[in-house]
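The two complexes that follow have subunit A in common; it is paired with subunit B in the first and with subunit C in the second.
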Partner chain A sequence: MSNDHTHGHSAHAAPPNPYLEKHTTPEQTAALEQRVQALESLLVTKGLVSSETLDKLVETYENDLGPINGARVVARAWVDPAYKERLLKDATAAIAELGFSGLQGEHMVVVENTPDTHNLVVCTLCSCYPWPVLGLPPAWFKDAAYRSRSVVDPRGVLRDFGLELDASTAVKVWDSSAEIRYMVLPERPAGTEGMSEAELTALVSRDSMIGVAKVEPPAA
Partner chain B sequence: MNGVHDMGGMTCYGPVKPEENEPVFHAEWEKRVFAMTMLGMGQLDTLDAFRHAIERMDPTHYLSSTYYEHWLAALETLAVEKGVLTPEEVATGVAQETGKRAEGPLPPEAVPAVVQGGAPCQRTEGRLTPRFSVGDQVRARNLNPTGHTRLPRYVRGKNGAIAQVYGTFVYPDTNAHGQGEQPQPLYSVCFTAQELWGPDAAATDNLYIDLWEDYLDPTSGEES
Partner chain C sequence: MKPAPDRKISNMAGDTALPRKSGELVFHDAWERRAFALAVALCEQGQYQWDEFRDHLIAEIGVADKTQADQPDTPVTGYYEHWLASLEKVLIEKGLCTPDQLRADEAEETSPPTLPSGGSQRPVPRVPRPI
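Entry: the complex of A and B
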């Protein structure tokens, strides 16, 4: 996809704004490290948390949870029509069949892309995201630009990602304002008819399950 | 609260900018804040109270700080409000009173059960009979509460239709304020893009948002 889309007409030029420049200087990071270390020490002293348990939780979210889980769900739905039917009817149960469940995925709904419908998931009020299937969200999902504009200009946001939809394609935007968590079932690309479930899993990108991309056909 | 967090519909923040290599965490402190919040919050207050603590941040700080700074601010706020830390302890980082909590912290072995078990918000008590059915025409109420709500400004007063009846769920507007879960029906409500954004929006496009029953009024005649 061309870079033109990144700076195309949809990408509203933001005026210089100090509030949009996030804290990233080394000094600021050092100050945060110090403040957070002090807070951890306080909460450990008070018996609210233990550092070993914090380590274990971080390790879990860094290593064990990620979009590979969602990709497995998508690939299974592509090869097994009965599974796909269960997934679209009761996503929480169908996803649990593959072993994925838990925090921020307690109430899952999967929405299906078709040749004439494209789904896009956002959380305008905070950054709700289906952790068991996609892991923790990328920074852009949590930033103001995505949260604010996805509902009013979804086609422009998709152009930011290099995806230009036909005018005839219906866009459905899902604002996760409650505890339901949404995942997109992307379309299976052409040219994948002979591929195994494992090969298909490797094709499915995280972005396609948020709805900001399509699954690209395998390179010829 | 009509806060800066309620961002839906604004167009002033420029293009979406994905990072080059998208790390799960960008610094060690982010990991610690994430884990302290996940493990400590349950002992301090509800998820709804946590979200509201973020919403109460200074709006300029909210916009200029990163995601896990929001979590850090909310964690400090609730630790003080719930009496676990004093404001002086947060400011100095030095414990004044060392009284330990009776229960003690979760052990590392408990992490898999916490992560995989989750914290479901659907209830089998409370208001169980939904007032609306799929297809019913509704209008989002024009409510402007000063406390927590999950009814964003951009749908208030707009007409939509019930797309799904999800069941009875914990009501954030009370649960965030120590007023109990007061579970009530939750719906997926469909609004056309043109209803929300006017005639220039694509006629093909729709927005779906999850709204609790008390956010909605009927517009297609009262239910019988």
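Entry: the complex of A and C
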């Protein structure tokens, strides 16, 4: 998955971690498979878990780890102007304020969408991505076509995502690197004035924080 | 709303941090996924607090690190092996499984397919697995 990390900076991945390598022999693996299977059957028999729940849970953690963190940052910025100011000034610190850590030395920069300016985040060299706040990068983010086309034809890319911008809206493209990770602060949609921070959090999509979508107003 | 990962779990720090590569969870084998899901599911159901599980994980990893430091030749034990051992311990602690039941599981994995004739159904007690 990371074979295209051509500008290999150490900040890309976690520091050396012995657990990233597989250590078990095929025999040990088979024994462990059996041990876990037996444990699962036992717990299913006891009515403590269902295999279906387990499948869903793994899916949640494998595919959805994190974007909620970014959504919380956005919702806070929408309801708290002082927080928003801190976020745009020093995103790394402002994000840490909410208790989200896990960044490995790289700086976060948050760029704000306004009626005049739309921001789009890309990593042209590989797939640098602020995963502690946005979770796993979507497959297309790592796609060579997205990476190259975002720079030369951002409006076309946005159109492909179903986002047609007014000709008067300027598009700024932010190229992530090992040192700087960008996140978009999307515009707060109309009709959300009475919503709580938690309700707002639920509205914020991952794509809106990459800049390929706007936050949709709540369904009427 | 979609179910969301629990930050207490996804953001564990230090030695107990979930192994990840570029943000993605690293599972080497199917059993690691299952063991992960079992521990998280039982916690979500309120069978134990996450910290109770994590305390075992910290202890397991601590012991292994110390062994590793004392005897560098010791093979490295994988993260999810520590995870599984911690899960078994918290299950016993909470009375959700008996040690016998877990040993029966293990006996199944190690004993020959057929029991010797006249053999007892009771699994032979095993010494704890070396860490």
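Here is the rule we use: the second predicted complex is superposed on the first by the 150 of 220 C-alpha atoms of A that agree within 3 Å, B and C clash if a C-alpha of one lies under 4 Å from a C-alpha of the other, contacts with A are read in each partner's own complex, and residues count from 1 in each chain.
Simple rule for what comes next: a contact is a pair of C-beta atoms (placed from the backbone, for glycine too) under 8 Å apart; a residue touches a chain by one contact, two chains touch by 3 or more.
Note that this is a predicted model, so its numbers are computed, not measured.
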Message = One more residue to check, A:L54. First (subunit B), second (subunit C), both or neither?
response = both
Message = On the A-aligned overlay, A:F161 touches which partner chain: subunit B = first, subunit C = second, or both, or neither?
response = first
Query = A:W174 contacts which: subunit B (first), subunit C (second), both, neither?
reply = first
Request  = Considering only the touch criterion stated at the top, classify A:H107 as touching first (subunit B), second (subunit C), both, or neither.
outcome  = first
Message = Per the contact definition in the header, classify A:N69: touching subunit B only (first), subunit C only (second), both, or neither.
response = second
Request  = Classify the contacts of A:R149 with the two partner chains as first (subunit B alone), second (subunit C alone), both, or neither.
outcome  = first
Query = If you count the residues of subunit A that each partner touches, which comes out higher, subunit B or subunit C?
reply = B
Message = Quick check for you: in the superposed arrangement, does A:W78 touch first (subunit B), second (subunit C), both or neither?
response = neither
Remark   = The intersection of the subunit A residues contacting subunit B with those contacting subunit C is 12-14, 18-23, 29, 32-40, 42-43, 46, 48-49, 53-58, 60-62, 65, 101-102, 127, 132, 135-136
Request  = Spell out the residues on subunit A that touch subunit C in their complex, using ranges where they run on.
outcome  = 1-2, 12-14, 17-24, 29, 31-40, 42-43, 46, 48-49, 53-58, 60-62, 64-66, 68-69, 99-102, 127, 129, 131-132, 135-137, 202
Task = Could you please specify the touching residues of subunit B with respect to subunit A in the complex?
result = 5-19, 22, 24-29, 31-36, 38-40, 43-44, 51, 54, 60, 63-67, 69, 72, 75-76, 79, 84-85, 89-90, 93-95, 98-101, 103-108, 110-112, 114-122, 150-152, 154, 164, 166, 169-170, 172, 186, 188, 193, 196-197, 202, 204-212
Query = Which of the residues in subunit A come into contact with subunit B in the complex?
reply = 6-7, 10-14, 18-23, 29, 32-50, 52-58, 60-62, 65, 101-107, 109, 124-127, 132, 135-136, 138-140, 142-149, 151-155, 157, 160-161, 167-180
Ask   = For subunit C, which residues count as touching subunit A in their complex?
value = 1-5, 7, 9-11, 13, 17, 19-26, 28-31, 33-38, 40-42, 44-45, 47, 75-79, 81, 84, 87-88, 96-97, 101-102, 104-106, 108-110
